[in-house]
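What follows is a set of structures to go through.
Shared between the two complexes below is chain A, which has chain B as its partner in the first and chain C in the second.
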Partner chain A sequence: MSIQIRYITKSFGNFQALKGINFDIAPGELVALLGPSGCGKTTLLRIIAGLEWPDSGQIIFHGVDATSRHVREREVGFVFQHYALFRHMTVFENIAFGLRVRPKATRPTEHEIKEKVLRLLKLVQLEWLSDRYPPQLSGGQRQRIALARALAVEPKVLLLDEPFGALDAKVRKDLRRWLRNLHDELHVTSVFVTHDQEEALEVADRIVVMNAGQVEQIGAPDEVYEHPATPFVYQFLGDVNLFHGRVDDGWAKIGEADIRLPEQEVDQSDSALFFVRPHEIEVNRSNGNGVKGIGAFVRDIRRYGAVVRLELERTDGDGFVEAVLSREEFKANTVRKGDEVILQPKRIKVFPQAAEPAPIDYVI
Partner chain B sequence: MSVAVAIPQSSPGQVHSRLANREPAWVRWTLISLALVFLTGFLVLPLAVVFSQAFSKGWSVYASALVESNALAAIRLTLLVAAISVPLNLVFGLSAAWAIAKFDFSGKSLLITLIDLPFSVSPVVSGLIYVLMFGLQGWFGGWLADHDIKIIFAVPGIVMATIFVTFPFVARELIPLMQAQGTDEEEAAIVLGASGWQTFWRVTLPNIKWGLLYGVILSNARAMGEFGAVSVVSGHIRGLTNTIPLHVEILYNEYNSAAAFAVASLLALLALVTLALKSFLEWRLHASITPSK
Partner chain C sequence: MSVLRKNSVLPGFNLAMGFTLLYLSLIVLIPLSATFIKTASLGWGGFWQVITTPRVLASYKLTFSAALIGAGINTVFGLLIAWVLVRYEFFGKKVIDAIVDLPFALPTAVAGISLATIYSTKGWVGQLFAPLGVKIAYTPLGVVVALTFIGLPFVVRTVQPVLEEFEVELEEAAASLGATRLQTFLKVIFPTLWPALLTGFALAFARAVGEYGSVIFIAGNIPMVSEITPLLIITKLEQYDYAGATALASSMLIVSFILLLAINLLQWWGQHRHTKH
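What follows is the complex of A and B.
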């Protein structure tokens, strides 16, 4: 089922949670609503579900306006952040709930219910838990039972609110992949909310990046990551170094350093923001051979899995820079703690600045 | 596609903190004996006295004090009052707690304060309120007299006073419980297609049943044992408007102490049963608060 979200606004008292959200979700798509906490992503999800009403705007399901349709009639499955399993019911009864509350005419027989619940338990690979109660389950198990319960009513749309938020890192990674596979199997239109960019990049077909009640960018994970449309998206998706400077005739002027900007659309700007990903910085020993770049001291070196992280302090005292090298690169250029080095961005993104940028309150 | 399951392990840090919290032996024993002496002197002994006085003149006097017609009338009236006021307060308490815990509306804190009012007002005053309203000289007194409706010095007044006094028990028990449980499960039920009624019976009520029962037990104990408020509105008419506590007072004032204690032993028995039920419910309640997170 396709979903069209049309100019949705929503306020809570004086706080404007959504300021005109407008985008489409294609049938069978897995879409991530990504943004920092308080950006309105959960509110939007709840409006799509019908658990919250928009102040204005429309939610259109498969070409039909569903804005005024009650949540009961929207045929959505909703997975809550804290699972919201019925604590006094067994896992079996939890999953069967949506079938049992149907009006007599459409209610399946006891035998059909049993068959269906067992099939769903198998799908989430937890057959042996059917007699347990929710408090006896681990977080990951609860999450999968909550998903099975939502799927039992055969929803046309599956909505997940921070599905992995309350789980620890290892379980989260496994469940992520599992959800992706499950979606490929079922092809039900799904929307999930997350503040974890890695999660969105790994799982979603498309990402809707939100900030302060507005959509910043919509696109495939690669597109959003490689070509961020706004400084916010650049900062929010992955670690990034931010430099202030100006652009003069295709050259970036950052502090004392001049850096040639390749194929940039910006030729001239008195004030600009430069974004450089930590793994797109070349670190060279400053051996006086005239290489132009940003001078820095190596303050700390941390080996971390397959990469080496360098913490660098700019020689002009204008803050810190983080660089990530592969182990091979690191071995090749033999920098040590305390060395003075030259930083050469391999890729740089320029956002010309009219005035002060909107403060970005999210700390990576 | 297997999913690793984290097994929580108790950390060694807990052992240390337990040791650090331990007081020296003499402190513990002083506190424990102080509590025991206090309990014996103020609670256990009086309770024992009630029963020993009740049986002081033998079993036959005890039994005859209970089956005497005025005593039976008092017992019947007490049961009737409890049978009316407890269910009413159950319904009221449940709806108030539901409204307060699950919805946001203006005037919410005022409602919470009002629910607590009967706790902070002296029972005698609560009784007087009804006399002032429905008594012969009261606001509605004339109108009631014209229509030959008796509220004060009759059963309706006793029921009203009892309802007022037992007002807060159910609501106060349920509000924190329902607030702690949140609305997630109800929302989940509704998304799954349940109607409001189904959600209440299948999700909300099972989650609060032990708390509800706890409130009802306390409310019932108070309804049967209430003296002050009922005393003001009852008029102490033997065999008609005397509840058990009022009957005890009359017998005692007539120096019929064996009979007074015999009837009082019923109330003491009620207290013991209430206590046992309460402990059991507290134990169940604890289990139902444990969140499913």
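What follows is the complex of A and C.
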């Protein structure tokens, strides 16, 4: 089922949580609402679910306005961050809940309920837990049961509010891979909220990046990561170094350093923000051969996994820079703590500061 | 005990446990055992005779049934009051919250006299019922009214915190799964509340069984009709029949203890059913 979100606004008292949100979700898509806490992503999800009412705007399910429909009639499955399992019911009864509360005319028989619940338990790979109670389960198990419970009513849309937020890193990683596979199997239109960019990048078909009640960018994960539309998106997705400076005739002027800007659209700007990813910085020993770049001292070196992380302090005292080198790069160009080095961005993204604010509405 | 002491990070186990036992003995166990010792002077035959006279049996019936009815009424309406206090915001909420505690604070005699006045056939409330042929004051009904009055705070105060902690998400989850409000209440909210309700019921009941001050003013104290057991005990004491008084006290104590134990077991069962391994 497709979802159209039309100019949704919502205020809580004086706080404007959503400022005209407008985008579409295609049938069978897995969309991530990504943003920092307080950006309105959960409010938007709850409005889609019918747990919250917008001040204005419409939610359209499959071409039909569902804005005034009660959550009971929206046919959505909602998965809560803290599971919201019914503690006094067994896992089996939790999953069967949505079937048992149906009016008599549409309620499945006891046999059908049993069959369906067992099928769902198999789907979430927890058949052996059917007569346990929620407090006896681990967090990851609880969330999978919560998902099975939501799926039992055969929702047209599956909505997940920070589904893995309360779990530890390892379980979170396993579960999001599992969710992706499950989605590929079921193809139910799904929206999940997260503040974890890695989670969004790894799981979603499309990411909606939100900030301060507005949509910053919508796109496929690699598109959003590789071509951030706004400084906010650049900073929010992945680690990044931020430099202040100006652009003069295709050259970036950062502090004392001049850096050639290759194929940049910006030629001139008195004030600009430059973004450089830590792995897109070249670190060279300063041996006075006139290489132009940003001077820095090596303050800390940390090796883990396949990379070496350097913490660098700029020689002009204008803050710290983080650089990530592969082990090979590091070996080829050994630097030690305390060395003075020259930093050269391999890729640089410029946002002139006087630029217009990001457009509010995206219609895809 | 020694195992607990060795492995516990909390210091002072011996001291704390010793004090607890001493305190409980002084305040609860010794007075209560004195009751039984005094009763024992009657012997089994005498004891049985004292506690089974028709007048005493009628008072048991009244005391326990009125206490049960009062606690039952409080359970229903206490839940309602707690619900209103937790779920809604309205003008004067703090005042209502404070009024709930009044039956705790009021001297029972004051409560008894006011209730008797209000519910008598000429009183504010009593005169409304008089034309219907319903007499409240000086009848068993009056006893129920008094016991309901003094038991109210127990249910409200035990249910209120549980309701406050109830996660709204559970209700939202139920609604998103298609449950109606009634189904949500019966299948999701009520099962969470009932241990607290039961506690409140037990407390209100225990308080009502032992209540004396407020009841005697409104009950009329007609033998075989509206005479409660605590009054009979006082009567016996006034007649210097100490053994008889303690015999009645012991019998009440045993019945109350069995009832409270049963309620506690029910509660324990309710709570541990979900966590057994």
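In this text, the second predicted complex is superposed on the first by the 354 of 364 C-alpha atoms of A that agree within 3 Å, B and C clash if a C-alpha of one lies under 4 Å from a C-alpha of the other, contacts with A are read in each partner's own complex, and residues count from 1 in each chain.
One rule holds for everything that comes next: a contact is a pair of C-beta atoms (placed from the backbone, for glycine too) under 8 Å apart; a residue touches a chain by one contact, two chains touch by 3 or more.
Predicted model only: the values in this text are computed from it and were never measured.
Trainee: Put the two structures on top of each other at chain A: do chain B and chain C fit, or clash?
Mentor: Once chain A is superposed (C-alpha atoms), there is a clash between chain B and chain C.
Trainee: Could you say whether A:Arg87 touches chain B, chain C, both of them, or neither, answering first, second, both or neither?
Mentor: both
Trainee: Using the superposition on chain A described above, determine whether A:Phe78 touches chain B (first), chain C (second), both, or neither.
Mentor: both
Trainee: Please indicate which partner A:Val101 is in contact with in the superposed arrangement: first for chain B, second for chain C, both, or neither.
Mentor: both
Trainee: Quick check on the superposed pair: does A:Arg142 touch chain B, chain C, both, or neither? Answer first, second, both or neither.
Mentor: first
Trainee: See if chain A has more residues touched by chain B or by chain C, and give me that chain.
Mentor: Tallying touched residues of chain A, the top partner is B.
Trainee: Would you sort A:Leu123 into first (chain B), second (chain C), both or neither based on which partner it touches?
Mentor: A:Leu123 sits against neither chain B nor chain C.
Trainee: Looking at the overlay, what does A:Trp178 touch: chain B (first), chain C (second), both, or neither?
Mentor: First partner only.
Trainee: Overlap the chain B and chain C contact sets on chain A and report the shared residues.
Mentor: 49, 51, 71-72, 76-78, 80, 82, 84, 86-88, 97-98, 101-102, 134-135, 149-150, 152-153
Trainee: Using the touch rule from the top, collect the residues of chain A that touch chain B in their complex.
Mentor: So the residues of chain A touching chain B come out as 49, 51, 71-72, 76-78, 80, 82-89, 97-98, 101-102, 125, 134-135, 138-142, 144, 149-150, 152-153, 166, 168, 170-171, 174-175, 177-178, 181.
Trainee: Touching residues of chain A toward chain C in the complex: what are they?
Mentor: Residues of chain A touching chain C: 49-51, 70-72, 74, 76-78, 80, 82, 84, 86-88, 97-98, 101-102, 133-136, 149-150, 152-153.
Trainee: Which stretch or stretches of chain C touch chain A in the complex?
Mentor: So the residues of chain C in touch with chain A come to 167, 169-170, 172-180, 183, 187-188, 191-192, 273-275, 277.
Trainee: Help me check something: in the complex, which residues belonging to chain B touch chain A?
Mentor: Within the complex, chain B touches chain A at residues 1-7, 184-185, 187-195, 198, 202-203, 206-207, 288, 290-293.
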